[in-house]
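Structures given as structure tokens follow.
Here come two complexes built around chain A, the first alongside chain B, the second alongside chain C.
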Partner chain A sequence: MENVLEIVDLKKKFRGFELNVKELNIPKGFATALIGENGAGKSTLLNILAGIRVDYKGHIRYFGKYEDGDRDKEEYRVRENIGYTGPGGVFLPHWTAKEVAEVSEILFEGFHRDRFEQLCSDLAISTTQDKSKKFSALSDGNKMKMVLAAAFARDTSLLIMDEPASPLDPLMRDKLCCMIREYLAEEEGERSVLFSTHNISDMENVTDYAIIMEHGKIVEQGFVEDLKEKYILVKGNAEDAALARKVLYSITENKYGFEGICLACRLDELAGLNVEAETPTLFQISVAIMKQNTVIR
Partner chain B sequence: MILLQNSGEPIYQQIATQLKEDILTGKLKQGEYLPSIRSLAKDLKISVITTMKAYELLQEEGLVSAAQGKGFYVNAQDSEMLKEQHLRKVEENLMNAIAAAKIAGISRKELEELFLTLLGME
Partner chain C sequence: MKMLRSYHSFVLRSTRWLYFLGIPLVTALLQLWCSANIKVPLGPALILSMMLIALIMLDQWAFGGCCSKHAGQIEYLRCSVRGKAVLRNALIQDCALRALVIAALVGICYGVDYCIAGDRLFAPNWGLEALFYGFLLYTFITLGVLIARYSTMFFIGFLTAYLLMQIASGIMLLVFMKMVPVWIPVTVLGLAAVLVTWLCIRNPIRKMERGYYDETIEG
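Showing the complex of A and B:
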């Protein structure tokens, strides 16, 4: 399997926090979700990968051939091939949609004005009213829509998106999922998407690979279908909770019963207990792993 | 294609089963290419890895093959294998009938008679 990004020994220190990624590969041709609590280091990692933050130690290889030192060399077109969207918006506050398009046209060779217009109308910010509004006057949701439209209107082979779903309503989250699938399908296997999200359930149907971060470190990663086989959701009666606790990764219990996640390979150890097992969702797996790695329970 | 989110059967399994049916009934013909993994994911509104897993399952069963850079195409289905597939289904159903007969306390002789009667009705 080819990788779009290969990261080795990436470090960035802040006061009281260190991002420390020993080795991480982002698979080429897929949508990868970066999952983790607030302050886990997701945005820092994405900013470094997108080339926004350059004060770090370590190595990043882009598209299987360009080192991070090559990122800004024009002839390699690394930046031209990466699209980025961030929370809060990346445009100047007084810009209107027209100016966003004009500036994007100057900045990026592969920006398609017609595609931008189309995306704006697909995302329901087509009304002339919204278009003449200054960026700063738009609602959070509409800000994100315009940022997404500008990013998807470019010809790129990697999209890095920091929390794209958070400010969007359910309808637009669904639309975002469709846009990601279309983006990937347009050039079979050649395009990749990396996004961070707290809206795991809404994005599950578009997530191929999941990376879970805690305290600046990667604590779990894998293709979603594999993770769903690695972990299993177990439910049982209250009287068995104490025994099950020894095997379960995370457990919640009340007087009626318990439920928790364990490694599928350890399910045998629960033999004899009256338990039911089912395939967990990515959300359930993520929460279990995050609970394991945090003090708040 | 009908995919159920809460049937307990994994989505990739559901896709594989339905494509398998299309192949065995000849709806998908020998040499024909399946839709590309990412376009099927787009159309079915599911993740790429789920479709990929469905295709890999079909490949393991020898129903399709992967062509480098061109996707998956339907293999020639030899009649021996088709017969084998159907034979397994018949066996499975007969086993079910035997199990049901045991529970109901139907004797071997009664069961045999029933089977012959049913055969005669064909």
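Showing the complex of A and C:
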């Protein structure tokens, strides 16, 4: 399988935090979700991959052929092929949709103004009232919509999105999933998406590959379907909870029973207990893994 | 053309109208009133002091806060290989246009004065005096802009502009009262103008370059 990003021995230390990624490959042609609790290092990793932070040690290979040193060479078009959306004020506060389009045309060769305007219209940010609104005057949701419109209006091969779903309403999250699916489908396996999210359930239907981070390290990764085979959701009666606890990754109990996630290969160890096994959701797997690694009690 | 487009990306059309039409028009009207009513050659000094505040404040809607701690907006420029060049082009053009606008304002003041009162209010060395006003205005506005860009607070911009206006007025008074030969401030301000222009272009670019780094990597 081809990879859009290959990361080896990536290290970055700052303010008591250490990002340490031994090896990470982002598969080409898929949507990859980066999951982890606050402060896990998701944004730091995405900023490094997008090239807006360059103070790190290690190697990154882009699109299977370009090293990180090639990123700023205009002829290799590495930055041109990466679309980035961040959670903060990406644009100057006084820019309106018109200025965003104007500056994007100068900055990126593959920016399509007509596509941007169409997206602004589709995402309802170019109503007569909002069209002349400054970026700083837009709501958080509309700010993200404008950032997304600018990113999707470009011809890119990789979209790196830091928390795109967080400020969006449920309807818009669904729309974002559709946009990601359409983006991936357009070039038939040539385009990839990497996004971080806390809204795992909302984004699950568009996630092909998941990476779970804790304390600057990758603690789990794999295709969602494989993870759903690797882990299993177990439900049982309250009296079996104590025995099950030894096998389960995480457990939630009440007076009627318990449920938790365990490795499918350890399911045999629960033989003899009155338990039911189900396929877990990505949300349940992620939370169980995060609980194993968190410092939150 | 690319340079012009870079500048237009940072400076809104409404700001450009104010910059290139509004301020020269107000300057002409004020000078008209001064030439007709004040019988001493104070018009240019008074008006240009006011314009100093206006021109520093206008920058708040263009490059305002671009050197401040939380200038996250430059993130979008950092995503592109052309980002630095676009910012540099815009900043160079900003300084060049500021010099042109100031030259126009000084010209308007002297021109209107001449049309209304003839050359009776003109000092014998009025050419050097006009150059002095131009250099003073350019240096102080560029310095004000340079300082104000480190804050996103409108109030800081206004306070900077007001303080610089007071200092500029003091220097104008020294020259007006002939306490200093005019060629001295012209020379000093000329050199200062070069320095502040360099800083005004360099600092936002350095801010953008530093944005690529959080802290020194350890280990």
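We adopt the following convention: the second predicted complex is superposed on the first by the 295 of 297 C-alpha atoms of A that agree within 3 Å, B and C clash if a C-alpha of one lies under 4 Å from a C-alpha of the other, contacts with A are read in each partner's own complex, and residues count from 1 in each chain.
Please note the rule applied: a contact is a pair of C-beta atoms (placed from the backbone, for glycine too) under 8 Å apart; a residue touches a chain by one contact, two chains touch by 3 or more.
Because the structure is a prediction, the values reported are computed rather than measured.
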| item | value |
| --- | --- |
| Chain A as common anchor, with chain B and chain C clashing or fitting | fit |
| Touching partner for A:T207 - first (chain B), second (chain C), both, neither | first |
| Angular separation of chain B and chain C about chain A, which is computed from CA centres of the superposed model and rounded to the nearest 10 ° | 150 |
| Chain touching more of chain A, residue-wise (chain B, chain C) | C |
| Chain B versus chain C as contact partner of A:E102, first or second or both or neither | second |
| Touching partner for A:G29 - first (chain B), second (chain C), both, neither | first |
| First, second, both or neither for A:E182, with chain B first and chain C second | first |
| Chain B versus chain C as contact partner of A:H215, first or second or both or neither | neither |
| Closest Cα approach, chain C to chain B, once both complexes are overlaid on chain A (Å) | 28 |
| Contacts on chain A seen with chain B and repeated with chain C across the two complexes | none |
| Touch list for chain A against partner chain B, complex | 29-31, 177-178, 181-182, 184-185, 188-189, 204-209, 223-225, 228, 278-279 |
| Residues of chain C that touch chain A when the two form their complex | 2, 5-6, 8-10, 12, 61-62, 64-65, 72-73, 75-83, 86, 211-219 |
| Contact set on chain A toward chain C in their complex | 11-15, 50-57, 72-74, 79-80, 82, 84, 86, 88-96, 99, 102-103, 105-108 |
| Chain B - residues contacting chain A, complex | 8, 10, 12, 36-39, 41-42, 45-50, 53, 71 |
